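Naming follows writing order (A, B and C), and every chain is counted from residue 1.
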Amino acid sequence: MTVILGQTFTGISIGAVLLLIALGLSLTFGQMNVINMAHGEFIMAGAYTTYVLQKSISSAGISLLVALPVAFLVSGALGALLEWLLIRRLYLRPLDTLLVTWGVSLMLQQLARDIFGAPNVQTRAPDWLTGNITVIGGDDPLTFANSRLFILGLAVAAVVALSLTLRLTPLGRRIRAVVQNRDLAEVSGISTSTVDRTAFFLGSGLAGVAGVALTLVGPIGPTMGTNVIIDAFLVIVVGGIGQLKGTVIVAFVLGVLQSVLEYSTTVSVAKVLVLVAIVAFLQWRPQGLYTLRTRSLV
Amino acid sequence: MSELEIRGLRVTFDGFTAVDGVDLDVAPGDLRFLIGPNGAGKTTLVDAVTGLVKAEGSAKFGGAELLGRPVHRIARSGIGRTFQTATVFEELTVLQNLDIAAGAGRSRWTMLRRRKDVPEAVAQAMETVGLTDLADSPAGTLAHGQKQWLEIGMLLVQDVKLLLLDEPVAGMSHDERQATGELLQRISEERTVVVIEHDMDFMRSFARSVSVLHAGKVLSEGTVAQVQADPKVQEVYLGHVEDTAVVQEA
Amino acid sequence: MNVLKGRSVRAWAGFAGAAVLLFAIAPLALSDFRLGLLAKYLCTAMVAVGICLAWGRGGLLTLGQGVFFGLGGYAMAMHLKIADAGPGNLPDFMQLYGTATELPWWWKPFENPAFALAATVLLPMAVAALLGLFIFRRRVKGAYFAILSQALAAALAIWLIGQQATTGGTNGLTDIQGFFGYSLDDPVNQRMVYFVIAAALLLLMAIARQLINSRYGELLVAVRDSEERVRFLGYDPANVKLVAYVVAAGMAGLAGALFVPAVGIISPALIGIVPSIEFVIGAAVGGRASLVGAVLGAIAVAWAKTALSEEFPAAWTYFQGLLFIVALAFLPGGLASLAVLVRRRKAVERKTAVIPVGEAA
């Protein structure tokens, strides 16, 4: 029983990490249909931001809390810059965008290597995140790591914030208008290029926040983005384009699936099995979990 | 006996009913116009018949049920369609476009070899739609009207028995409309043609029969004169029974 | 008709020229070491031939060609490792890491050279057929297809690394000595391997050219540009795409198989996400839709990688990133589109518009 609960919690915390790294993509890929392979490097930028801040602020706790907004701004700015330089020229060519941003991702990785060196670096977690909470005591204890609970909380907070932004703010309304009908939005007086850039800023900023979270569970290195980006895209593909709730559900389901499979087989076999499960799922729902049914040719 | 026989056809999108119980019969050799205000369900009806959207009810062609079959099977059974925006293969030439349309039944071996000459059916279709001189031009360089004709030509070489045309004269000049209408009349001597159209002049000049759709239902059916005289149709189009004259001019 | 004849005369001349270059001039002009490198580049070019077909013509952005390259490579390397070890012995790495006393069951068939050779091409094709059937039938396309194929590459690499005792793990299958009885240490035999690779490349190009110029090739472009329209003409686009995908997989498999004797190693690092996407860049730089462009682009990029990456690894990474950006954002037709531009300029005033290679969005 404890094992099942423990594995489920591990799965949920893997899911929370997946959700955080995929959340920004649900905006840029899900809403705007841009495949940004450099998204992983925006995560990396967030992680290195945390690292740099910790060097200048001695308290690990304060530096972590400061890192959240700063990483959001740093990665968001990088994203807006990328949108302005390249992506806005490529909105009608999604596959080319994929390869172009892959090139950007290569360059950003090398930049990180040149600045911080190729070996991984580490941050110190603040004291209040290093411990565990004991849920069930006794001979067969069940404990939850504080850092994992923090990430879970962060993921939930990020989802709520994004969802409220999209639903309630004028910016959110504009983003949805542009997504649904670009031409109509334009003639209604919405500057679509400004909306695009702002949405990209938000999505990339969320990647930065994910980067801060990742420093709590692993090392920081130039290739950390590449390691997570494919998983993040798979979450969106399975969840359904443009569907926030799909992203949330799928992130947690894949997390638990991964954790259970890892427990009963090995990490590498689990990865392969998860992919098989995804291909099988797409047989059933080729457009992902949630879709908008429309009358369009494509 | 009718060739296309639709009974109780319903299409819903996430709770919105686009086609709401349509019955429709089209006889062989008819040149039927489907008209109706925007959102009446005309295109969705065609989408359902050609397998693009899921529908309930029944749509039979030559006695065989169409609903539930994949798009390419329906196409092979002899139903062809065009779209509101002309969709031709822009990077291929006129000849290549037509050759592909002619080839769904080709053997694998033929597919893997190069096209050596111009198939008879393709040459004929090019002649019929008047594109023989442009055989080697990429379809992307054609004028709008020519693309529409190329699409119709593709349906001819496909040798369909039923042509479903979605606004074939939209954006055409007066002369082009005239030519297209005459082309459709010629085609309907051997095949059945169903045209979705907004252009009332065009309809009056060429329709043999007309069905009016409104809010997902068939409102009225008959010859052009019968339909125009129907007060229900006048109400839908203008909201006033008095303005009959305007309908006839519009 | 005359246009067709002119085209095929030019093609024959091109093939003859390429054959002279590969079989006579290159072996004379290059040292054994350089010729070995060229053999490696030609393997990359073989993968690019398939990419040109699947992506350039069919619009299928296959970011997982490393999988098929790897399947072909591992099939070949498994046989060569067994042959190197000699009858009754285990391959060296199994003795090192493993506790097994006999070959794992799935290694056994590869002891047979005919089976192993057939598997290098048929295994990748079978995997592609199975996967393609699932993916294309359900109309998973565009970006979804690209991401899935990339995930496949990642999964295979991770799986191989995880099974160290039977696959050699991260190291892969290394230190391959012999090639069907010929020692690979002997420069003469290395040269023979080069000739086999050069011949295979020309053969694949001939096959691809036939496919591209056939009615199937026209249909494939039609599917790329408007899949739905093709369906309304009575074709099943899933089958059309499947053929291109499977053929491209077979080509990548053969390339992987011949890569093994040329370089002496196959490892997860050669087949994961990064190498898979690198296969694409060569074709993109040269011109994805042009067979010759894709092949020359692949060779040039592979050469540039060797030339730059050893001396200036950082500079190479920046350069590679720039290549992706410049080639795809600003020259989507690749260098071949420049050649076409020049040719069109020269041609007498025919009414043709320059159409950039479109995206099957």
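Assume a residue touches a chain if its C-beta (ideal position, glycine included) is under 8 Å from a C-beta of that chain, and two chains touch if they have at least 3 such contacts.
Chain identities (UniProt): A = Urea ABC transporter permease subunit UrtB.
None of these values were measured; they are calculated from a predicted model.
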With centres defined by CA atoms only, which chain is the most remote from chain A? B
Which two chains does the highest number of contacting C-beta pairs join? A-C
If you average the C-alpha positions per chain, which one ends up nearest the average over all of them? C
Would you mind pulling out the distance in Å between where the CA atoms of chain A average out and where those of chain C do? 32
Dist(centroid_CA(chain A), centroid_CA(chain B)) in Å evaluates to 46
Taking each chain's centre as the mean position of its Cα atoms, how many Å separate chain B from chain C? 44
Using the touch definition from the top, which residues of chain B touch two or more other chains? 83, 87
Spell out, as numbers or ranges, the residues of chain A touching 2 or more other chains. 297
Any chance you could list the residues of chain C touching two or more other chains? 228
Contact residues on chain A for chain C in the complex? 29, 33, 35, 86, 89-90, 92-96, 98-100, 102-107, 109-110, 113-114, 226, 230, 233-234, 237, 266-269, 271-272, 275, 278-279, 282-283, 286, 297-298
As the complex stands, chain B meets chain C at residues 50, 52, 70-72, 75-76, 80-81, 83, 87-92, 96-97, 99-101, 103-106, 110-115, 137-138, 140-141, 154, 158
Which residues of chain C touch chain B in the complex? 4, 210-211, 213-216, 218-219, 221-222, 225-226, 228-237, 351-353, 355, 358
Counting only contacts in the complex, chain C reaches chain A at residues 59, 61, 63, 131, 134-135, 138-140, 142-144, 146-148, 150-152, 154-156, 158-159, 161-163, 228, 273-274, 277, 280-281, 284, 314, 317-318, 320-325, 328-329, 332, 359-361
